[in-house]
């Protein structure tokens, strides 16, 4: 199994979720994170004190999938999160050794 | 070493922590996340505008453990986070190549 | 490729970021987390009700790097996040099978 | 007292001609307080009420709009607005606008008297009304309007919509002369603001994603705190409109309170019946409906009628809100029109009913001079509603179109996505 | 003035018989303001104070309870409460309850006079007291009560507990006649509310997890902002209870302020000594203790006595809070009883001491008519405390049991875990 | 009236000698209200304004400082402060400090009269000024001062800086006698607080990381809500300083409002020009500048002059803030000096110009007795500024050094990193 982690623009979350639903994937876990990268931040001014804020609000989305689904999920995320502008984010793929559903104790792809 | 990541119901955090303490594990890292899954969300109504909120507040808990501890930790989490109702969450297990304690530079299981 | 995850003290974030910048790394993702560990928490008192708060605010920082960079990045984090006091945090290293830049579809180290 | 007040207006005496050359210190004490209360309604009251309802990324933009309007409308009122609305002492006031003798408060000293209070006090009390009215409009175009366009539109609007209508009703103009009962601003304040908000919502179009993306309030605790402040401040708004510390002020305060309570509860009841659960946002919205609706009637009616007025306000504004949002799909973002507009119309009409002196426990304080039946009074009230509604709609539309051409009303799409706080003000509301 | 007031009460003159047929505009101006201030205490004051203390998932439920009570108690006061408490003009008032001549404010017009102010003003001023008293109870059953049960219980409670006791003390009833000095509501407001809260906490049981799970306040900034509003509003509560703009009002305001200050500091001092650090929640709680305690005494005592009263309030209520929480483990969730109840008892008794005219710098405004010693006054005060305490405890218990049977007082366990905001109101407080 | 007031002060009549033995109920009504409004400025107003500006980890420490000061300054004012500033009735007041006859308000009863209001009311109204002045200083040393050191310093400061200067200007002392026009506290309040804040910032040093680490406000919604409360409360501050409900109070309220508006807009304009965008924090800071600056002048000038004063305040304080922060790199953390100090100086001087009776539309209420030219008045104003500035600077410096030696002014570095809320108070502001 794979854990697919995507860092995306917050307002794209709905679109990505819809795209994943179409693949029949309804489970995922989402966090609010701050991203640093090539995309420029912004300036804030408070009574003459200027701060350059480099971090940008991003959403981190994690989906555990079976090997077979991985490719399709990645495609779906790219397709739905892409705006063509810098800062669209990244997808990280790593191996998952085990998945367990707490309620039932099911393991492996059954637990996803 | 393994990284054990559990998505649980927020009000179960205390129980899980206690269960892990009993195993002699005191270190862990916790985040507030939003979960999408089979468990139904709720409806919110604001002046005639009804929103279905699918995401649910969950807690994500990460514990780095040695190979030997992994099984016991997983059992402990299942035992303490289980309510038998949908939405109890998942446990994800992945490999950890290295752990380092920043303060001392210790590595491997010593650093956990 | 490696995913390097560091749990550090919040007020060290700036220093760590600077240290990574010096290595030519500008991308990273940051989250606010709560840490439990050896470092003691604090007591809060509300009208005679005393609560021991064990968790401590920490920052979790994730950087995807190529194999070659990994060592230097770890060194840089240790160097900049270290205060010598308990609770300085940990670094976790795990394998990354794939990285994709959403905007361009680039993969591998090109995508970092 | 209300009758005295209408009489004064009819005679063009207030404040055109001071009918007393001595102030009453007790009336002065109360209107000093009432002025503070009405300012309190806008900042922080209304600004918190509104700001809690938008998304977190636009929270400061709403505060900024309310705050900047408070300042700018004050200076415009000082410069031109007041004299357009009320003219100057000793000058016979015309039907349409006041004379220009009080530009920059030129004719006003510490010793000037209007009615029984110092003229500077009358001017600043009225100034707080000239502040909150444009601030109410903010709800119609929230989360998408350019700040500069907002300032420009509201400035023009104050001078060509609010000030003249204020003259018509309270400054000795034609509606007041006709006997329109609008004690504290059902037409002058609520209808004008709400119609402008609706027109603005239509001209500007819906927020990006409206109807598909969830846009829940980001901080209802702020909204409900602001709602409490509005209620408290409204005592100054309606009670102060008696311009004296007397039985009329007391009764205005009492009926205001009862109508707010009834409106809140009837809206809550509607939600409980229709949706199964009552909500905080519902109850406070019903409160505003109850308050807006009693406003024109607060000098005309008694306590039992106030409960009826409030109760019907909660129900009717509830339906109006659902209609606008679910059927017409108009993004009057913070529901200014269905609450203040529908409430203002309803209240102005009901004032014409419940002012009647012979309705038993529902009796009020009597018809305007020269009017002797509910029908007669109602037709005057209807004319007042129709005139202010139509005039505001037409002129607001024209102003918006002009400002759109010259400056552009909306921020661009990407900026709307990022949020107005960062884009327009380089600030964020929260960094907790 | 206080003496005049007690005299009036004793004679059953207020407002049963208007003793003047003309209002005093200055008194009217001040009571108009005081009414706004007392409403301000409940919304937003108390609701913010309380809401900040609960967990984030229940924040709106607290606001909702305070807000809905504000509305519902107002209408009930209008319909029945006022006439139960104060009856109607020209009718000799009985010992136990008022006559029913003022149901739906039937006998009240703009020109009615009570004392030196318009009757509608007296009625709405008293209405704000009838609002805040039930709202105070909310602290006892926070985070677990069903909304419908809450509305039902408080409605019954207003009519069968609050209104009669109000009559006993202020409406010409037996306690007032006996010479009880309770200027602004130590018995009528604080003891009744606090005893009801304690009984509710006992009948309903502790919150799930109480004592094992941490339940820290979710937003102390909200609580301390609300505390400031309470302090400011209390000037209207105590100062307005003079029902006139005179030296008595001024002195009431001054002693109120001093007692609040002293209570806050002595509670802070206790924490500093016992725990090593002073806390924000501690200082504001001490302030409330100081305010609640001076309330009955605010028409009786002078400034130096007020400092003593406030100071002892902070210390005694501090110990009472710890006792209830740590020893008795009663989940009076927001500490209504140890602060308001203990404070109300303490203040009512101390009023009997410090009203004495011959205590040097600690002298007060004198004993009630027919009483000539501290002992004599104290025994009247003790009777007042005992009577209101016992009556409230018994009747509240019965009402709660009835409501529990008919509707059910508590939400179920799972709902308590999820939180009342979502479960009862389909809303969330924050979406930052 | 202002003239009457200055005359009274000059003659040492206020309140040293009561010139009337009967209170005016209307004046009493207004000053009761004004007292509530001024307290409202500090809690919750100023405390929210300030607390929103610090970092989340220090939010409660700021609330705690403002709240504890409110309480402690009140008791000190009661014990010694009032009598140092105003002395006691029937005693000729000296040039430097009042007589000690009113320690613990010993000579004060419900029937005492000062001017046309009850003495207890005058005392508590002035008490609210003695509260807010030290509370303003909090902005200078925010986020790093020890709580105990703060209490000690401010207590000493109230008695040896504020109370004497208050006597000089308002209590019958030398500056008042000389004819200084300071209606509501440009020198007494704003200059003293701001100079103390600047000295404290210099003595204590900058916050750790100042200039390198970003320290943005953690909650601007709180700040802007507090700003609205400050504005509203300021009506009581300046309007109440007339000590009567009359034309002078009305005019003071009006000019206060106009200056706030103008100051807010001119600061906004500066940001728009210099930075390209106007900010919420900018507009509210300009408002405070406008309010602080009009304060001394609010009894002296007319509406047109008020607009000029406010407008220049916004611009000059804007530049002063940038100078202090960017060039001098002084960490007067919440900008007390450049806003209140510069504004206080500016306003006190401009009062000397715009009080002139012959400036056409910019005319004011006349020079002080015995002065007949702008030059003459200006030199008195300049002496007032110089004297209060210098005296405050020197004595504050000495006090701070003493407190630093005895207690230590700053928390240690690690504690500053963790934040004062946890370290000093064992609490957190938010747990959302």
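Order as written gives the chain letters A, B, C, D, E and F; numbering starts at 1 within each chain.
Here is the rule we use: contacts are C-beta pairs under 8 Å (C-beta built on N, C-alpha and C of every residue); 3 or more make two chains touch, one makes a residue touch a chain.
Worth saying up front: this structure is predicted, and the values here are computed from it rather than measured.
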Task: Fewest hops from subunit E to subunit F - one hop per pair of touching chains - done: 1
Task: Intersection of the contact lists for subunit B and subunit C - done: A, E
TODO: Tell me which of B-E and A-F has more C-beta pairs in contact.
DONE: A-F
Task: Centroid spacing, where centroids are CA-atom means, of subunit A and subunit C in whole angstrom - done: 18
- [ ] Using mean C-alpha positions as chain centres, tell me how far subunit A is from subunit E in Å, no decimals.
- [x] 53
- [ ] Averaged over CA atoms, how far is the centre of subunit C from the centre of subunit F? Could you give it in whole Å?
- [x] 46
Task: Two or more partner chains touched - positions in subunit E - done: 24-26, 29-30, 33, 216-217, 219, 245, 275, 277, 279, 281, 426-428, 430, 432
Task: Multi-partner residues of subunit B (at least 2 other chains) - done: 31, 44-46, 94-95
Task: Chains grouped in pairs wherever the two touch, ordered by label - done: A-B, A-C, A-D, A-F, B-C, B-D, B-E, C-E, C-F, D-E, D-F, E-F
- [ ] Report the residues of subunit A in contact with subunit F in the complex, numbered from low to high.
- [x] 44-49, 51, 53
TODO: Can you check the complex and tell me which residues of subunit C touch subunit B?
DONE: 2, 6-8, 31-38, 55, 58, 60, 74, 77-78, 81-95
Task: Residues of subunit C touching subunit F in the complex - done: 11, 14, 42-46
- [ ] Write out the stretch or stretches of subunit A touching subunit B in their complex.
- [x] 3, 17, 26-31, 64, 94-103, 105, 111-112
Task: subunit F contact footprint on subunit E (complex, rising order) - done: 1, 24-27, 29-30, 33, 37, 55-56, 216-221, 224-229, 231-232, 235-236, 239, 244-251, 253-254, 257-258, 260-262, 264-265, 268, 275, 277-281, 283-284, 287, 302-304, 307, 361, 365, 430, 432
